[in-house]
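Next come two complexes, and both contain chain A; in the first it sits with chain B, in the second with chain C.
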Partner chain A sequence: MKRIFHVTTFTFRELIRSKMLYIWLLSAIVFCLLAFLLSILSFGEVHKIFMDLGLVGMEWSGTLVLLLSLAVTYNTEFEQKSIYLQLAKPITRGEYLLGRVLGFFSVISLVVLGMGLLIAGLVAFVGGGQVSPMFFYSSVFLLIEMFVLTTLGLTFQMIGTSMVGVVLYSMFTIFLGHCVGQVEWLLNQNLAPAVKTVLRVVHFFLPNLEAFNLKDRIYDPNLIFGWEQWREVLLYGFTYSFVVFLIGWINLEKREFM
Partner chain B sequence: MTSPAYAIQIKDLSKTYKTGFWLKPKVTHALKNLTLDVFEKEAFGLLGLNGAGKTTAIKIILGFLAPTHGSVSILGGKISDRQVRNQIGYLSELPYFSRQHTGRELLEYFGSLHGFSGSALSKRVYEVLELVRMTKAANDRVSGYSKGMLQRIGIGQALIGKPKLLICDEPMSGLDPVGYKEMRDIFIDLKKTGTTLFLNTHIMDEVERVCDRIGILHDGQLKEVALVPDVLQSSINIDYWVDVDSHDASKLSGVPFQKSVAEQNGMQISGLVLPETLTLLSQRQVKTKGVRPLSSVMEAYFLKTIGAQQPTPSERVSS
Partner chain C sequence: MANDRFLKWAVPLLIFVFLTQAYLSSKLDRWVHPAPFENSKAGELDPKIVSSLRAAAFLSGYKVLIGHAFWIRVIQYYGDGFNGSDHFSKLYDYCRLASDLNPQFISVYTYGASVLAYQLNRMDEASKLLQKGILANPNANNLKLLLAAMAYHNSANYEREIPFLEIQIAQGNAPTMLINILANTYKKAGRTDDAIRLWLQILKTTDSDVQKYEAAQKLKELYAISKTKNSLEKVNP
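This part shows the complex of A and B:
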């Protein structure tokens, strides 16, 4: 356990000091400016605009930081081979991977929550409204989504053979993961059996990122939100992450470092 | 009589890479039936040209590659065993680290992976920083380090766990003469403390001064294993370069046994006929400006073992 913690803190420090975190600052500024601009045009309900845009901004900045971190660390760890020195130490590959996942997730959480606090501050002090509890629930759902994406991204890093490949796999999975609803709609259409089989396979493997998407339903009057929903999302998020982590771990165990 | 303890035992090790498309597969035999024993507390140098299979051997020893055939025992166990890895230090060729950390933080990280913590970790990091002469730059970010400093931090991380066995892949790469000497001194000190050294290198001088035994790998096959003193005392012949005054260059024609003549300044001659040649030059009133060996005994031995010619002075300059 201690070794996992050491890898986590090492990874955290590596990412938090990286220049790519300026992206986060930049996106925070852009979203704030955009929110102000739209609030001027919206004739009231400023706090709603702040919250909507803020949640989108949190997701975007978290995803962007993840993709950039994957690219930068692939270069350091695999192309420049700094992973060799670490795996030669008395640490298992599973411990190393788990430490990396937790290190990445810590940084991404910080980015997402930092942005969330900024938005909450804007809503309360500038928008003159109250921060709805749904905003916090959405943020937690977003964090679970980020955990799934972090595990996926790092698993791609363990499988991938190039930095571009790792980033592209991750980007496509994130994009398609948000299209699970469309895939389900297609499955209900009258399609050729072969197409349906392919779609079923895709549907089975893809992460259902819409399951974590509460931000689009914050103002839905018919939204039922209780313990059942929490349990479902938590169970799905962590089970999916665990399975993906296992795949990454097995791949890292079998990986040959040429 | 007790049998010697082995630090590394390699038995019949082979590694084959398959590359290319399935229609045109290409098979590369990186290692062919390598069998080698490295004894505890000895310094062993694995020599070979680029592509000879040295790095592949190290990667298999450390578990980064799976052998196609054969087995490796390291400190009496398997590399997958955490206890075994805790007793090993490894320095890769041109080590690379995350640029966001300081040298001290890196050593603390690697030390903590070896199980050090608290004051024991701080003490060990201090000792290693002193040993690799990086104390002054310890709190600077790695991004500002020179190649030599990176190499020193690299050897530092390899030594942080007080290894019984140190495995280094081209440890002198990228070092300037001062760094090279410092690294060599570190190896000599480690030998004195009973650390087993397994060095994969090109640099003959390093081998001569540090190693007890050498193995020569060529095209994936172990060609020779020999004691360094035996090699140095062997009657192997090396070539010499005789520098002559440019006015006397014309008198060199017809001197027997010369291997090559550079324009106007001298000739290459086998060590076997050196005394006779110098006598002959003296008789011809050729003014010799100097005589220098074109290779070390170790280099000549290495080249002879792999079936290569000793380099001419122009080749040496161009290389």
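This part shows the complex of A and C:
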């Protein structure tokens, strides 16, 4: 446990020192300005638009920090070979990977929550509006999504052989993960059984990122949202992350550092 | 050695956890996507643009973002005087697409229906848009009020139309255009004093220069009517 904590704090410090938080600052400014501009142009429901766009901004800045962190750390860990130093210490490769995941996730959480507080603060104290509880629930769902994506990104880092490959794999998986909603819709259509089987397999392999996409359904009157949904989403999020983590761990164990 | 031992139990564990996540993922279907994929016609809009927008919205996971961005496009379309040459023929299709992308965004229905019904006199399209809005948002009372107001407006029953507009405006968050509509309806119903009161309120509260100018013009017109009415009352008490 202590060894995992050391890797986590080391990763956290490494990412903070690589000036990753400047991205947060930049995205916060850009998204707040964009959200403000769109909301004043929209003829009504200004706070609603500002919060909707704020949630998108939170997701984008989190994803941006993740992708850039993956690129930066691939360079230092694998190309400059600093992973050798870490693995030379009395630490298992599983502990190392878990520490990395938690370190990455803590930086991304800092970015996402920081942006969330900024949006909620601007709406409540500057705009004089009310922040609905669904905004906070959506932010928590975003954090679960970020945890899944962090584990996935680091697993790609363990599998990938180049920095560009790692970033591209992660980007495509994020895109395809959001398409799962339409795959589910297709599965309910009248299609050939073979096509349905292929779609079902694809559906189970990809992360169902639409499960965490509460921001698109905040105002949906048909949304069923209670303890059962929290439990299902949390269980799914952590089980999927564990699958991906195991794949990453197996790959790290098989990887030879010569 | 430790490596081999790990790999021996890791693969069966991986299979077990994968099957568990597949089971949990299939359970999620019950609540994650109960809404069907909306597929209304492109109408007068370019089908390629409509289908690209829909695909981007439904596949990217940013339906609300694309809906809001498209809403700005709808406002731009109505704000462009050049489109007035064909009486904003694409406005209904624009609003329909905006509401497909973001069905819970009430402004699409209130603004779109108000323009279609009161400015362009296209009652059928306005009521279709409002009906769609009411079905998507059963709790949005202002849409029901607007539909009722429009029905009375269509039959020129202004006295009955006014309370529906008043309640909606009193609820707050009504588009400024709806307040203008109420002021004009007061005038049509012969309630000049109420119309003056409302235009004065608009003049005091609005930030828009165009609206200030419109309010001033309307007030000039209404004061003239009021003056004539008063002098007539003095002659024929």
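As a working rule, the second predicted complex is superposed on the first by the 246 of 258 C-alpha atoms of A that agree within 3 Å, B and C clash if a C-alpha of one lies under 4 Å from a C-alpha of the other, contacts with A are read in each partner's own complex, and residues count from 1 in each chain.
Note that a contact is a pair of C-beta atoms (placed from the backbone, for glycine too) under 8 Å apart; a residue touches a chain by one contact, two chains touch by 3 or more.
For clarity, every value in this text was computed on a predicted model and none was experimentally measured.
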Query raised in the report: After lining up the shared chain so the two structures overlap, which partner does A:Q229 touch, if you call chain B first and chain C second: first, second, both or neither?
Result: second
Query raised in the report: Looking at the overlay, does A:D220 come into contact with chain B only (first), chain C only (second), both, or neither?
Result: second
Requested in this report: Return first, second, both or neither, reflecting whether A:E256 touches chain B, chain C, both chains, or no partner chain.
Outcome: first
Report summary line: Winner on chain A touched-residue count between chain B and chain C: chain C
Requested in this report: Would you sort A:C179 into first (chain B), second (chain C), both or neither based on which partner it touches?
Outcome: second
Report task. Please indicate which partner A:N208 is in contact with in the superposed arrangement: first for chain B, second for chain C, both, or neither. Result -> second
Report task. Classify the contacts of A:I49 with the two partner chains as first (chain B alone), second (chain C alone), both, or neither. Result -> second
Query - Touching both chain C and chain B, counted on chain A across the two superposed complexes - result: 92
Report summary line: Listed in rising order, the residues of chain A that touch chain B in the complex are 2-3, 6, 10, 13-15, 17-18, 76, 80-82, 84-92, 256-258
Requested in this report: State the interface residues of chain A toward chain C in the complex, per the touch definition above.
Outcome: 38, 41-45, 48-49, 52-53, 56, 92, 94, 175, 178-179, 181-182, 184-185, 203-204, 208-211, 213, 215-216, 218-225, 229, 232-233, 235-236, 239-240, 242-243, 246-247, 249-250, 253-254
Query - Complex contact set, residues of chain C against chain A - result: 2-3, 6-7, 10-11, 13-14, 17-18, 20-22, 24-25, 27-29, 31-37, 58-65, 68-69, 71-72, 75, 104-107, 110-111, 136-139, 173-176
Requested in this report: State the interface residues of chain B toward chain A in the complex, per the touch definition above.
Outcome: 17, 59, 62-66, 82-83, 85-86, 88, 90, 92, 95-101, 105, 109-110, 112-115, 117, 154, 157, 161
